[in-house]
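The data blocks that follow each hold one structure.
Here come two complexes built around chain A, the first alongside chain B, the second alongside chain C.
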Partner chain A sequence: MTFSGEFLAFMGIALVAIIGGVLLLNLTKVVHMVVSLIFTFVAIAGLYVLLSAEFVAAVQILIYSGAITIIMLFGIMLTKHNDEHEPKTGKWRKILVFLGVLGFAAAVYLGIYNFNIEQVPTTLHENNTMQIGKALYSKYIIPFELTSVLLLVALVGSIILAKNEKKEADDQ
Partner chain B sequence: MSSVPASAFLALALILFCIGLYGALTKRNTVIVLISIELMLNAVNINLVTFSKYGMAPSITGQIFALFAISVAAAEAAVGLAVLISLYRARKTVNIDEMDTLKN
Partner chain C sequence: MIEELLQSSPGWANFGIFFLLGAVLLLIVLGFVTYGILAERKVLGYMQLRHGPNQVGGKWGLLQTVADVLKLLLKEDIIPKAADRPLFIIAPVIAFAPSFMVLATMPFTDKFQFADIGVGLLYYIAVSGLTTFGMLLGGWASNNKYALLGGMRASAQMISYEIPLVMSVLGVILLTGSLNLNDMVEAQKHGWFIILQPIGFVVFFIASIAELNRTPFDLPESENELVAGYHVEYSGFRWAFFMLAEYVYLFAMSALITVVFLGGWLAPISFLDFIPGAVWFALKFSVVVFVYIWLRATLPRFRADKLMEFGWKVLLPIALANIFLTALIKSLFF
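Our next item is the complex of A and B:
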């Protein structure tokens, strides 16, 4: 393991991602938690660039740092909460969950520790978007179309779930 | 050829997954629980993209699978938030430990 520029970039990105995640766990205000998670999402996009997946990185920034974070902020603001996240969760429950997650992490880490997979030169970084487009419109055309159906169903379903004002007016 | 070993990416994905799992199991606000689930899905996407580059037969399939996972996760976030808002209208709370109607 040499200290090349790529390795230093990976270490910086990993640091930003983990700091964002830890801030998510430790901050008290809900809006601050969501904003700290933007750091993690942008860092994951940088990770995709390191893994020669430029198109997925752009999609990650558009969808996660843009759309999902904003939609979550809307959700927080629409459900008016008391803003502070008072820790009423039991201490024993937290400790038990922490131990369980730690055990899970240890078990998986045993599997990936010294995981030496062979590496062959790839052409993924050349015309990445064109390769994705070609594969998406030839080999994966049916899942691609099914995704559009899924998004339409999600759109209609969430509108029907969230709008319910007539019933409320009847109740009052 | 990359100088970063594949296990480094996998370890980072594992750490992010564990953070998301802990947040989803301990936080009280439902929006934070939803966004922790998004973090877990992101960690899985890192694994998919990692294995599209490393290994004996690298191909674009892993990246395409990550794209499908991202679109499904976006749909899930929208529907989850809609459920959350209609639940807030009915119960006037977003705390996950007060949504215990099935208990009684």
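Our next item is the complex of A and C:
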């Protein structure tokens, strides 16, 4: 078996993504969990780059690891952040869960190994930013506009929430 | 050359070449940081009618920064007892790594560029946003109220000003029709975008100062309110990493402004083409860095609430109006 550069990059990025996910579940402090989540998000962006979807990768970093995790961090830091986990569960349950995970992994591995996807040559990777733009503004224009209305509603809603709070504070 | 390397089969030789190229770029950047800091201190000094460093390394203080860095390396590494140890250690790394990563897509000349990716500009903005985590986590992990406030301010400011920053380059993107930095330089053959997009340039420049956390927008480390902001508890080499990240961003942002608005490696007038592109790039780049230092010496610091108001109520509407105007001009005249 030969190791191509793409394979090595994939292994590295996939490992970071999985380790980030495992740490997210296993760490005890909430802020540490968010940090491992950042690593997972960035690694997923790396996987998009390997699939030649550069635009999606940049947006993934901008939105997920940039905006969403910052909001999570702000929320955690401004609330009670010293919350520790509940006590660990028993030994037998751990072993059973481990066996279950092992069985699931084996089932997924067998399923994917024998699954045959027919490879069709496409031009999706060329100029994909332009292709996304064209598709978004011609074929999917109605869902796109609906999303913007949804976002506008969310924006107005959050402004009203913030305004009410100020009025109450003034009254007191 | 990079394209060939990327397509060739992987091996230790290939790895070595990439490693060497990266190390060379890192050394260039470190050289810039060393003398950028000295230039800043000298220019600030002369603007305030004093000399600046003039003892170490001859009349011009040429070894002053080297001596400072040596001092930082030899300093004791202190980690506060109440700090969150793993985060405290990893935060400077998270802050520095993206600042070097953004340089990968920067076209210094038409040949000297590492990655010619289609979404170069978006990549820069997305990856530079990751540094915010380093500052926020560093401030939080220090377990110090000033540091936490500084970190919070840093992230709030950087996120608020990222929006006008992106909106102001949309005009350039509209005129170029591409997010690729090489295409942007090519599109400036008949006129730099600073002339075609004056409003966009002014908004971009102001927002970029805020992104760089420099005076008049250096609220995250305003020393008379917050001691030193998010890096109060840091000392020695870990502190040096935060400073390094800041100056590497100065390098990257000046390079980005040169590429996007000042025509990159292109000569201003076509008969000056015989001078190599690298020289032009360096000249324009130095002018941008000088303007940053000049503004630092000239302007006082913003107030925290005014800062947010300015970003959201002044810069963002102007940037949106600029997009509208550019779209109108493009559809009418081009």
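The rule is simple: the second predicted complex is superposed on the first by the 124 of 172 C-alpha atoms of A that agree within 3 Å, B and C clash if a C-alpha of one lies under 4 Å from a C-alpha of the other, contacts with A are read in each partner's own complex, and residues count from 1 in each chain.
Rule of thumb we're sticking to: contacts are C-beta pairs under 8 Å (C-beta built on N, C-alpha and C of every residue); 3 or more make two chains touch, one makes a residue touch a chain.
If you're wondering where the values come from, they're calculated on a predicted model, not measured in any experiment.
Engineer: Looking at A:67 after the superposition, I want to know if it touches chain B, chain C, both of them or none. Which is it: first, second, both, neither?
Structural biologist: both
Engineer: For A:106, using the defined touch cut-off, is the partner it touches chain B, chain C, both, or neither? Pick first, second, both or neither.
Structural biologist: After superposition on chain A, A:106 lies in contact with neither partner.
Engineer: Between chain B (first) and chain C (second), which, if any, makes contact with A:95: first, second, both or neither?
Structural biologist: The answer is neither, since A:95 touches no partner chain.
Engineer: Would you sort A:42 into first (chain B), second (chain C), both or neither based on which partner it touches?
Structural biologist: Second partner only.
Engineer: If we overlay the two complexes on their shared chain A, which of chain B and chain C does A:143 touch? Say first, second, both or neither.
Structural biologist: The first partner, chain B, only.
Engineer: Once chain A of both complexes is superposed, is A:4 in touch with chain B (first), chain C (second), both, or neither?
Structural biologist: both
Engineer: Between chain B (first) and chain C (second), which does A:59 come into contact with in this model arrangement: first, second, both, or neither?
Structural biologist: A:59: touches chain B and chain C.
Engineer: With both structures fitted on chain A, tell me whether chain B or chain C touches more of chain A's residues.
Structural biologist: B
Engineer: So in the superposed three-chain picture, is A:156 touching just chain B, just chain C, both, or none of them (first/second/both/neither)?
Structural biologist: Neither partner.
Engineer: On chain A, what residues does chain B touch that chain C touches as well?
Structural biologist: 4, 55, 59, 67, 74, 128
Engineer: What part of chain A is in contact with chain B in the complex they form?
Structural biologist: 1-2, 4, 6-7, 10, 14, 17-18, 21-22, 24-25, 30, 33-34, 37, 40-41, 44, 47-48, 50-53, 55-56, 59-60, 63-64, 67-68, 71-72, 74-76, 78-79, 81, 85-86, 88-89, 93-94, 97-98, 101-102, 104-105, 108-109, 112-122, 124, 128, 131-132, 135-136, 140, 143, 147, 150-151, 153-155, 157-159, 161-162, 164, 168
Engineer: Considering the complex alone, what residue numbers of chain C touch chain A?
Structural biologist: Within the complex, chain C contacts chain A at residues 9-10, 14, 84, 86-87, 90, 117-119, 122-123, 125-127, 129-130, 132-133, 136-137, 140, 148, 152, 155, 159, 162, 179.
Engineer: Can you list the residues on chain B that touch chain A in the complex?
Structural biologist: Interface residues on the chain B side: 1-12, 14-16, 18-23, 25-29, 31-32, 34-36, 38-39, 42, 45-46, 49-50, 52-58, 60-61, 63-64, 66-68, 70-79, 81-86, 88-89, 94, 97.
Engineer: Per the contact definition, I'd like the list of chain A residues that touch chain C in the complex.
Structural biologist: By the definition above, chain A touches chain C via 3-5, 8, 29, 31-32, 35, 38, 42, 54-55, 58-59, 61-62, 65-67, 69-70, 73-74, 77, 127-129.
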